[in-house]
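Sending over a structure as structure tokens; questions will come in a sec.
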Amino acid sequence: MSFSRQELLITTIARLLQGCRLVATGASSPIPGAGALLARAQSNGKMRVNVLGSVRNDFLCDGGVELFDLAGQGRLDAFFLGGGQIDGEANINLVGAGGEYPQTNVRWPGSFGSGYLYYLVPRVILFREEHSRRVLVPKVDFISSAGPKNDGTYRPGGPIGLLTNLCWFAFDRDKRRFRLDSVHPGHTVEEVRDNTGFDFDCPDSVPATASPDAATLTLLRTRIAAEIAETYPRFVAQVFPDLAAAGE
Amino acid sequence: MTRELGQVPVHGLDQLAAQIPNGAKIAVPPDYSGVAMALTRAMIRRGLRDLHVVCVPVSGLQVEMLAGAGCLGTVETSAITLGEYGTAYRFQAALKAKQFRMMDATCPAVHAAIQAGGKGIPFMPLRGLLGTDLLKNRPDWTVIDNPFSKDEDPVVLLPAIRPDFAIFHAPFADRNGNVFIGRRRELVAMAHASTQSLVTVEEIRDVDLLASEESAAGTLTAAYIGGIAEAPRGAWPIKLWDIYDYDEPHLKLYGEMARTSEGFARYCDQFVQDQKAAE
Amino acid sequence: MTRELGQVPVHGLDQLAAQIPNGAKIAVPPDYSGVAMALTRAMIRRGLRDLHVVCVPVSGLQVEMLAGAGCLGTVETSAITLGEYGTAYRFQAALKAKQFRMMDATCPAVHAAIQAGGKGIPFMPLRGLLGTDLLKNRPDWTVIDNPFSKDEDPVVLLPAIRPDFAIFHAPFADRNGNVFIGRRRELVAMAHASTQSLVTVEEIRDVDLLASEESAAGTLTAAYIGGIAEAPRGAWPIKLWDIYDYDEPHLKLYGEMARTSEGFARYCDQFVQDQKAAE
Amino acid sequence: MSFSRQELLITTIARLLQGCRLVATGASSPIPGAGALLARAQSNGKMRVNVLGSVRNDFLCDGGVELFDLAGQGRLDAFFLGGGQIDGEANINLVGAGGEYPQTNVRWPGSFGSGYLYYLVPRVILFREEHSRRVLVPKVDFISSAGPKNDGTYRPGGPIGLLTNLCWFAFDRDKRRFRLDSVHPGHTVEEVRDNTGFDFDCPDSVPATASPDAATLTLLRTRIAAEIAETYPRFVAQVFPDLAAAGE
């Protein structure tokens, strides 16, 4: 069965979430949301997923702070962070680039919960579809949240890796470096190298990112697409047009 | 004579905005909790200056418009975003022009500092933040060594935030001035931390929210509330919970007009000044 | 096979008590929030030892009976009182016999330390307490100079409390394992701070508490709950909210029997051991 | 109009609460509760009163912690504290007496919120009906909450005085001593002196505690007695038997 770029990202995310008890997704996150719901469907009822913006898949009752308190309690196993810039030590920048802070040339919305969740959530998946030297820089201009330093400070959380349109980088916490773990079907190591602004470890042979099997794709295109459509109808209309059409 | 709900005065929107002086520190909620946009327009009409806005923990169109209208002295927030409705042009322009002081934060830090304000404690510790430029640019935050740890254990302390006003919009108030806030507990935290809350509501209902356990659980009690105004569709063009949604065409129109300060001024003429009678 | 509500297992009372090992740290609520007395009797039947009980912020008959049954290792509380139903004889006798360690506190200190546990922060500051023998007898508390004050400003820091179990009784759970707690927010704080909550309920209802804003506002979400048991009149002989009142004649009987350890043993034979089948 | 001991205490408390915006009473406090409700009735709608245990007069929605948070916010103007022992520097003991803590000879329930509220609430009224050398001691055996020390530590709150069955002592915060301010009708300075274990200032002439006027007594015996009966029916049956009879 053939699959789209988004379907590969979703199924890859679902694989990265295996074994989690509690996963949350933030604002404007249809692919992580679908990935988490897929992982839940495959977990035999062992995983809880909280999709921000959902009604049916949001079980929080204690206001906006509860997600952060869950992380502080050690209950939140996985979360997703992006970045206007991400560097090779896994520092992320959600604030702005160029010029002098706070009068940066480019200003993004801001750090949201990253300055906290990145430190507390054991399995943070860095997720940024755009894979370019503009985004993946040698050094971020502003550290919204720092990569793990191994300096002995309290830090149960941190990145397990970085997923883009081209590849999956695993993050090696000891070496404080990314390692190219798999390249998505149809792309090459050279393409990754050309479009990455930071240094990373690269084994001699890099496998292709595992393709989803037919059963997983079917599950995704039916039940999961329907579930995520509640929160992200436009995303579903675009990525799963058949389901969207059937639903109308 | 002013009407009262219990001990809470009921004002018109402009009267309610008149309670707020220049330089006031105000706490505002995120879009999903209920933003007092009609009151924000009244604040712009009033020509408020030098406001210190604490976003609990983020804001959008509200701060964008206050920035465009020159009302801001300080913005303390974890993000300013119009989401899929585009760029916060007026906010960005005012920031670049140094029209206000920017205090970038992370969501749980704002929540924690507001909770500290509501508990009357001088500060709250927070994990995370170490090694960030957020911390580096917040001289009001400090780092101590956790006195309960045997090993070195730096932890950030955030001073309590005590705003003058919590300002938000809710579905309804009851006949005693209690306000239904559901599970939007950041509204409770804001109200506790602030000297008083100025609240707009879709309507005033002749009920007693404290009469049943269920409704009381989702209630902000009147003791925190300094004034209420009735403002049907008072969060417009922002959504209010699941009661009404974003006004997408209007937000697109705003996004187009607000690209330039002239366009924003025309927007204000049309939708802020001229709406006075309507509101 | 164990029945489940969503992902929350439903147990019998003795099965639920069997989740708790000797030496566990448990958080329990005050009488007005819903005390799991039927489960407490099951804990006594189980012969638990060396429990560390954190009363959030006070307790009564529950700790009195655990003391009489020799289940206690530590009691952390702001008060133990049977109110107008007399003296906590078994608690006092066990205290005098040094059968457990006593950690006297003041109510907001317990609340603050539990809230710190629920936020995952290492400590919480609290005003007050300076110059008290409470502070002098709590080596686990410490005093620092407020780093945000220019002048000398000593402030007490309380280390976070992270119990193994929050244990309480509530009116009902829904079909997904969410529990209605109304405005008893100490139950939320206890549940957040604890590794898991063991909850008894009057009944399980085939409803979804998260379906409406009103009911969700008074709900403890299932993610915190490790097990539920149905226990009609599970707070007996203590009251449950406004659902049923104290059983005064029974409490008087308890007060008379518990004057001596022999009398307490007879009480247990009659009302704890023999009630096993009934519960 | 003649009046009972309890009525004098209630009306005295109401007078002491004048000008407060927010007053709360704790558990097992019928006289402070009635005093607060009386003060509210006389305040022209300017005072809020929260009676613990009441349904109609409890407006708190945020759990047991809210009362303490209100105090921390500076919103709670007045509260009542008692003590198994109270000494001349206004230290109070709610824990136990004799022997060595925690194995005291006598054990009381515990400190409840006193170790905090006494420091935060500007107008704490110490209230203990029993006026004896057993209660009013030279020095408490255990300090549940300390009298103000004037040592520069943060302390917006503290006692304004001590009300007993015999008298009203005002507390002089500068001198850290009680001053006998008024003796209840029917009692004498000598009686107070004989039954007080601590030293206190005593002017040459001590007035009698002001008796309630007829209008106040009428208000108390009708509306206020009815209001407090919701929470303390047995107290009302005993102190206002006419109202209790009429209500049956």
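Per-chain residue numbering starts at 1, and chain names A, B, C and D are given in the order in which the chains are listed.
Just so it is clear, a contact is a pair of C-beta atoms (placed from the backbone, for glycine too) under 8 Å apart; a residue touches a chain by one contact, two chains touch by 3 or more.
Predicted, not measured: the structure shown is a model, and the values here were computed from it.
S.K.: Through how few touching steps can chain A be joined to chain D?
M.R.: Tracing touching chains, the least step count from chain A to chain D comes to 2.
S.K.: Check C-D against B-D and say which one is joined by more contacting C-beta pairs.
M.R.: Of the two interfaces, C-D and B-D, more C-beta pairs touch across C-D.
S.K.: For chain C versus chain D, what separation do you get between their C-alpha means, in angstrom?
M.R.: 30
S.K.: Report, in whole Å, the distance between the mean C-alpha point of chain A and the mean C-alpha point of chain C.
M.R.: The computed centroid separation for chain A versus chain C comes out at 40 Å.
S.K.: Quick one: chain B and chain C, Cα centre-to-centre, how many Å?
M.R.: Centres of chain B and chain C (C-alpha means) sit 36 Å apart.
S.K.: Multi-chain contacts only, two chains or more: what residues does chain C have there?
M.R.: In chain C, 119-121, 126-127, 153, 155, 183, 188, 216-217, 219, 242 touch at least two other chains.
S.K.: Would you mind listing the residues of chain D that make contact with two or more other chains?
M.R.: 60-62, 68, 72, 120
S.K.: Which chain pairs here would you call touching?
M.R.: Per the contact definition above, the touching pairs are A-B, A-C, B-C, B-D, C-D.
S.K.: If you look only at chain C, which of its residues touch chain B in the complex?
M.R.: 112, 119-127, 142, 144, 146-149, 153, 155, 157, 159, 181-183, 213-219, 241-242
S.K.: Would you mind writing out the residues of chain C in touch with chain A in their complex?
M.R.: Going through chain C, the ones touching chain A are 7, 117-121, 178, 188, 192-193, 210, 216-217, 219-223.
S.K.: Can you list the residues on chain C that touch chain D in the complex?
M.R.: 30, 32-33, 56-58, 77-81, 83-84, 88, 92, 95-96, 98, 102, 104-109, 111, 115, 126-135, 137, 151-155, 183-189, 242
S.K.: Of all residues in chain D, which touch chain B in the complex?
M.R.: For chain D paired with chain B, touching residues are 22, 45-46, 48, 59-62, 68-75, 120.
S.K.: Can you check the complex and tell me which residues of chain D touch chain C?
M.R.: 27-28, 55, 60-66, 68, 72, 94-95, 101-103, 107, 109-120, 142-146, 149, 152-154
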